[in-house]
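Two complexes come next, and they have one chain in common, chain A, joined by chain B in the first and chain C in the second.
After this line comes the complex of A and B, so read on.
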């Protein structure tokens, strides 16, 4: 476009015309996006609905049938509920243990992987793509697959589940952490380099204090996710509350009251973790009150 | 027109604004001076209803402002534009979009999401930018502009609101002297040409004296001076700033001329020694 030094009144007209053209183009794009979105949703829904065993709208009114049956049975046995809560507490603790151990190991693995794969911080800049692909692999393989393989090799129990979740957590946290690392100020790192600090000293003293609160909040979110993940792995023989849930929630056993108790336990656990993480993060960002 | 009566704002044990009373009966350009923490910003934020008053009242043409809620409060905010020290633009949006934000009170969220501003509004936005001398930056992202240009975009957004009052909270505090002058001249022109009331927090005396019809001095949340710029003697200024005899106007100045004079005087003094 030729940039002519137009006289003043014409100049405004030209700017207005140019801007209007740009605005109209943007509007067109927005509406195209909206149209494509709606079309995809509509088309996709029809395909998916056609593949269902029953129709989506035919089955819609039955959506609450199962929860109603579960809650109905639980209501009949309301007095037994506190007993079940106590009965399943040990398996809940096992599940929490799996989640905590895997989060901790994943946190350490994720931190290392993220530091090794962030530009400007990496120890071996040439290997950044390698560490990035390692994290991709960790995230790509479903934890249930790793757990099944490990259970086959090592036999059932909490350790295979813990390893499986830790691998996935390393990959997931590594990706999130490396995004946090990108926004880090390199000034303290440079300051530490100027006194002759090693890479690990620079990272531990220069980077971690800056990213700490963010790391913790991501790790705590991951802990929540891992509680659920370890409960699911119980279904395939990794022990914990998931195993009990699998046994009680199966249809026709008449143990829905116990399933309800397990759900209540899981729900309470998530609330407690959420509250604790809020407290902890507040402490980290604002410091302890004197 | 605008009447502020015993307006008070407390944050816990601290009183940021202490029974401030101010009466503006006709459009004027008013400068509020005082050192940081004197309550200048809090006062403006209460007028715009960004902050709620603890006690007291603000009335505009007989309408009580402090008790407005919901849509009525937002409508008042659209009549009473605010300009901030750090510009408070959306950095990733283009200049014209930022100016068009001045009309948000009249638009639905849906229309805003799809950029459906009327053509007249877009044309008016560019005309306002042209009036402030930055029309050629119209399609650029706000973050690509210099501080002085960004502040003029913020003024354009304020003008787009077609407000009765413009509140400016330290509009030149993050600008260099040249840009500060351009921005203050723009605010003065808006007052003179459009007859809008401009209330401007300033931290330098000479700016207040040069551009304002009326100067209000605040100290520790209280209004301690309210008068014409000529009445603002060095003695009064010392009282407002709580400074001792070493206080000189040149020390707070952002004007190029004053600084030159001060430096010249200093050099002269040194020459004598």
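After this line comes the complex of A and C, so read on.
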């Protein structure tokens, strides 16, 4: 007892010295990391700049040339713009359909994959690692890879894009869903099991009602992402508005007014879907809280 | 004190329960039905029935078989009579004149042994014969004036032979023979990716790994590496650069966007920026760059900077500035004021308040978002590379456009998947290290 009271001043000193040393070391580490990060950014920028066709500083003042050219041409032809907007509406709908269908298919696939790879819910517990790897691989393959290969086999059109996005979506949603599934209460599942429900009945009646709002919220977020993805895949030949965009901008002079119409359609769609899905998701997550 | 109502209206409750069940049933059956109806609509809107006709099974077959095998061409030019052996028929895989693999014996008469009794012989004066077990001998003597002049054993023509006046094609499991007026060509398929390590002109072609190790230790490591690295067929150096460029695009884009977005996010957060118009303006800027989308940014930037990794990085940077701005400003609005007040109570100046009161709170959120995006941007960079021209995306599209180098396509796809998985793993590792390691560790 007497010892400890006598030790107090020395202990404080030591603690202070330790603390200062630690703080200094931490500051040094932070500084070093920052320095490495800055060096990486600078070196990376210089490498990218050197390997680019045009340099950064040469191109900087030209950024607005192209938009100005496009918009200028559209401004001259302003009266034709509403007509173009209507003209490209069907391809916009195709793009939206690709996104919606692939989100739906991905939602179904992701649900199955996640249920099959969650401990406690899986139909075949031994195969959990297999389904996890399947999910990882589906998620890792960029859509464009599958789309390009399928376009070669099936010819251009919306179906390759849909399949490609659906595969990626199942993987991405599957991962998010299995995190949701971890927190599921198993009581309804056990209850259903006790009255002899099959696996699919247990999942549909016991699990899905618990996770439904979260699933839908993630799926909506994915839908936003998939609209962008399907527009991009159109650009490499998978139909929809991306394909039209590619045609209008690569046909050279005289079609920039049409490209502008497509820009406007795409921009508006993304903004509207963003806002709508944001509102819906907000309601869904707050609904679960209440 | 609450009392239980004893005069319950059972009939009313029953109808209520009935309504509830009806609604649930409607949800349970109506929703899947709606999904089904939509999918049926899409099925026809996308013309899936017509797709079955357009889809080409042959193409799928060559794609799959080419991805794990290669073919060696033995070609005779029917005008000059020269015979040439080349892997995949490419100049880069050509054997030197007078050299051939063991199953081809060159000479006045070139005998190509396809094994299992299948033998093709290139005789004098453009004569060619193909011995097929259980069928017989096919011969042809192509000439410029009278076509291929093929003869067959008696009996009906099997479907694996196609013949017209100027072209004969024989498809067997041991190999393929095509004869036209100008050339006679034999393809033999082998399992694997040939010339993956060394091309034929390298002295190390055909050495086994043990010997190679020995040579490497006796001072040839540099030469061996350079032969592998500069392999003209598989272009390992270009591929490595392309992968590096793709990761570079993702890295520069993601972190650049974070550096631009962070200060703007302060201006857009309600609790840090008192000026409503500024907040509103910055938020609309975020919405705008996000809404324009990476595809359009890529197109616009490609016009200014030309194709390459920098364009891709800037496209990612612009799009993600919007996304990060939104996420960061939301994180900043959720910051706990107590810590800031605590720091302020010790007499900290505004900058110190941000440094010690705000940054430690938001760092984990921001870093984890950043690392998530780094991984997903690796995928985006592949796609952007395919559009603007840079990185592995470009190599992939080029390989697919040629429609014959499917083994290279497979190689690139495997590399892309490995790259994304690796980035996923690395970002996960960093996230755990940086965030759960020590919370205030900035």
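We take it that the second predicted complex is superposed on the first by the 225 of 290 C-alpha atoms of A that agree within 3 Å, B and C clash if a C-alpha of one lies under 4 Å from a C-alpha of the other, contacts with A are read in each partner's own complex, and residues count from 1 in each chain.
By definition in this document, a residue touches a chain if its C-beta (ideal position, glycine included) is under 8 Å from a C-beta of that chain, and two chains touch if they have at least 3 such contacts.
If you're wondering where the values come from, they're calculated on a predicted model, not measured in any experiment.
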item: First (chain B), second (chain C), both or neither touched by A:23; value: first
item: Greater residue coverage of chain A in the superposed arrangement, chain B or chain C; value: C
item: Partner chain(s) touched by A:11 [first = chain B, second = chain C, both, neither]; value: first
item: Partner chain(s) touched by A:31 [first = chain B, second = chain C, both, neither]; value: first
item: Touching partner for A:124 - first (chain B), second (chain C), both, neither; value: neither
item: Set intersection of chain A contacts, chain C complex versus chain B complex; value: 26, 30
item: In the complex, chain A residues that touch chain B; value: 11-12, 15-16, 18-20, 22-23, 26-27, 30-31, 34
item: Chain A to chain C touching residues, read off their complex; value: 26, 30, 37, 40-41, 44-45, 47-49, 51-56, 59-60, 62-63, 65-67, 94, 97, 100-101, 104-105, 136-137, 139-145, 148-149, 152-155, 157-159, 162, 228, 231-232, 235-236, 242, 245, 249, 263, 266-267, 270-271, 274
item: Residues of chain B that touch chain A when the two form their complex; value: 96, 113-117, 119, 122-123, 126-127, 130, 135-136, 138-139
item: Complex contact set, residues of chain C against chain A; value: 35, 38-39, 42, 45-48, 51, 54-56, 59-60, 63, 245, 248-249, 251-252, 255-256, 287, 290-296, 299-301, 303-311, 313, 379, 382-383, 386-387, 389-390, 393, 396-397, 400, 403, 409, 413, 416-417, 420-421, 424, 441-442
